[in-house]
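Read from first to last, the chains carry the letters A, B, C and D; within each, the first residue is number 1.
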Amino acid sequence: MSKYTELKREVYEANMELQNRGLVIYTFGNVSQIDRAAGVVAIKPSGVSYDAMKPEDIVVVDLENNIVEGTMRPSSDTKTHTHLYRHFADIGGVTHTHSTYATAWAQAKQSIPCLGTTHADYVHGDIVCTRVLTDEQVQGDYEEETGIQITEAYQNRDPKAAPMVIVAGHAPFTWGKDGAESVYHAALLEEIARMAYLTRTLDPKAEPLKQAILDKHYLRKHGKDAYYGQSK
Amino acid sequence: MSKYTELKREVYEANMELQNRGLVIYTFGNVSQIDRAAGVVAIKPSGVSYDAMKPEDIVVVDLENNIVEGTMRPSSDTKTHTHLYRHFADIGGVTHTHSTYATAWAQAKQSIPCLGTTHADYVHGDIVCTRVLTDEQVQGDYEEETGIQITEAYQNRDPKAAPMVIVAGHAPFTWGKDGAESVYHAALLEEIARMAYLTRTLDPKAEPLKQAILDKHYLRKHGKDAYYGQSK
Amino acid sequence: MSKYTELKREVYEANMELQNRGLVIYTFGNVSQIDRAAGVVAIKPSGVSYDAMKPEDIVVVDLENNIVEGTMRPSSDTKTHTHLYRHFADIGGVTHTHSTYATAWAQAKQSIPCLGTTHADYVHGDIVCTRVLTDEQVQGDYEEETGIQITEAYQNRDPKAAPMVIVAGHAPFTWGKDGAESVYHAALLEEIARMAYLTRTLDPKAEPLKQAILDKHYLRKHGKDAYYGQSK
Amino acid sequence: MSKYTELKREVYEANMELQNRGLVIYTFGNVSQIDRAAGVVAIKPSGVSYDAMKPEDIVVVDLENNIVEGTMRPSSDTKTHTHLYRHFADIGGVTHTHSTYATAWAQAKQSIPCLGTTHADYVHGDIVCTRVLTDEQVQGDYEEETGIQITEAYQNRDPKAAPMVIVAGHAPFTWGKDGAESVYHAALLEEIARMAYLTRTLDPKAEPLKQAILDKHYLRKHGKDAYYGQSK
């Protein structure tokens, strides 16, 4: 019995939730979760379909991407995940999908403006689209560079106030306190991206929310005086 | 055994119908129903997922938003619901969703014009989008102000002839004779909003229905000489 | 035991197929089928939901809309159905839906051009949108006038070569050799309407198919030398 | 017991997967698979619905379209399939669908540009739209000419680097090492087509990916140094 059995089971279930929510097809997407005390990350194996995957297939790596436990190759996006864990000290889980509407925004290389309170409830400001990589970065350590694309976009931004980002020409990454919450944010992003798509195609000049409403909605859920939900 | 058991069960079922109809994800949305004789409103608890919710979790409040029965916090939108019950004397249920197409119209801050008979069968005229709140209103009693946004839009309008409204930058509210009918109106609104979106993106200059057809369709279902359906 | 038991069962099943195919919600839509020998039409009752409907609820009327058998009111669209049976001698079933994409074209008051072979396989030419009714027609015998709208659009057109039409500002009607085939045409229309919507929003100037391909596809399925399928 | 029993079973299952993935309705679409050693192709029978079809209904033909085994007519598109097998020496399966978004691009007569890495992961460059047939070609051996349309578009293109094509005014064809992989490519094409539609309607000027990223994504999955997935 591995000491990572519980971690791997949680990561397995978070990955399966991706498929249950309709956020992935075939082998698309991957979820990871970190055990900060042990310094390890559990992540989906590369190219395995959700229907075939078992909890014991989850791969455990350290923060330098060395395999600690597992017989399969980890996701080809592993270096992006570990980069995020090394730079965002408070996050516990990361999700990558190619969900349809969020990916359309990525392909249009546009940040998603905050057009309504659905967005403001979860993200304080735009959902940022990263810059495009240079040819040198693509030809270099590509998956690490994708992580760098993301963390550079957060130099003046709190990862917890915007737990989702769009990588230009590629697709979204989201994060949370654990793998499950990062999947929840991936599902919310897809819905926000879809609403924003519909709004902008209905009216290309639709304006973002005023700052006051944006603050109000975000803070009633996430501020120190939050009053949404059952916990304090 | 509470004297509100039956009311809470009906409100529970109306809330579950929101999820069954695909109008909400996660904890989005809420339905309430009033017992006018008792002066109480039963409403979904705040931030509880539909899969986890039980009938006994439904919260009962009075029209001034005081908890009468229940161990959980009521929906953070409760003040909007009670405002509507106080101002619209004939309604028995209220639904709030962030359903996708209706929310896109809210984010575009546009009323939905009556483009066809599907709309005319249920709403006599536009589905109105409210004005935008001032910063002072947002920073004040926000959920009460949302109710005020709605009732101000109905100063010259019969709530029964248009049982659905779009709150600018936010999302729809609908109502009916009870919670179940308010959910029915939420589902119809989403379908009407989707058809109107498709029509306007196919032809941005698509014209509303002529008044004669609008009157005919609304009145064959709702006028004193209505001949649709089985009841008189 | 009624002599219309089998007719009513077939009409019941054709109506249920509307819901199974996702072409209707709640009480939307209706299917009828004629027994030409008996001179009667069986049709969905008005305003009854699909989940509640039973085969014995189907109403039998004659071609002048008098109830021959049944305890419920027939569909409020009955006069449109009987008008079509009186004027299109070869049809055996009629379906009316408010399916989403076909209704969007109706609301845009545009005929659906033949943009591809999916369309050409079933309809020889445009799927015509009728003219708009005059106020006098709306205020007169409205449902009969809707039938007149349709048959006037077919004065120089074979109903079998185009078993689907769009009523301006309203929604589609389709027909076939029986109720089941009219539902099949309703489902095909919705898919054709969706493809045409996507094509025109991708490229507003997209051109119709050339006549040669249009003829080829229609005739390989429907001409005297048809070679698609197993019969013939 | 036929010597083609296993081939027919695989083709049956690949055809059923088309329906399971939502890529076809009714009798739309068809999948074939070749046994190169035996010189035969197994293919769906013409005009049979997926729910009614049985493994023994699959028809076996030779590469000149003569029936080798089977009691039903083969798909009316058989000549297109055999044309592809004769000209693309390395393919083992072919799929034809009228999936909605891919067909919209075909109707717009536009190639799908490579707008993101989802596309680049599977196709190296545009997903090409063929030229339009001349009237003479349509009136001649139409299904053979459709195959010629496709192979002409691949004169300077490797079929394995772009296992999917769009036939102008018609719909897509895809291929793979066997019938199952050709269905996989049909499903990927539909998702890529949908993302590209959303991107272009969000921003009609959205630019294709840079060549460096296009190469990187395709080659990390398909090049000699591929590192995606579990096999070498």
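One rule holds in what follows: contacts are C-beta pairs under 8 Å (C-beta built on N, C-alpha and C of every residue); 3 or more make two chains touch, one makes a residue touch a chain.
Predicted model only: the values in this text are computed from it and were never measured.
Where touching is counted per the definition, chain B and chain C have no chain in common. Different-residue interface: chain A and chain D share under half of the residue numbers found at their contact.
For the copy pair chain C and chain D, the superposing rotation over Cα atoms measures out at 90 degrees to the nearest 5. One finds 33 Å separating the Cα centroids of chain A and chain B. Chain A and chain C have Cα centroids lying 46 Å from one another.
In chain A, the residues that touch at least two other chains are 201.
Chain contacts here close into one cycle, and each chain has exactly two touching partners. Applying the touch definition to all chain combinations yields A-B, A-D, B-C, C-D.
Against chain A, the residues of chain D that register as touching in their complex are 115-118, 184, 187-188, 191, 194-196, 198-199, 201-203, 206-207, 209-210, 212-213, 216, 220, 227-230. For chain B in complex with chain A, the residues that touch the partner chain are 25-28, 45-48, 72-73, 76, 98, 100-101, 103-110, 132-133, 135, 138-139, 142, 169-171, 197, 200-201.
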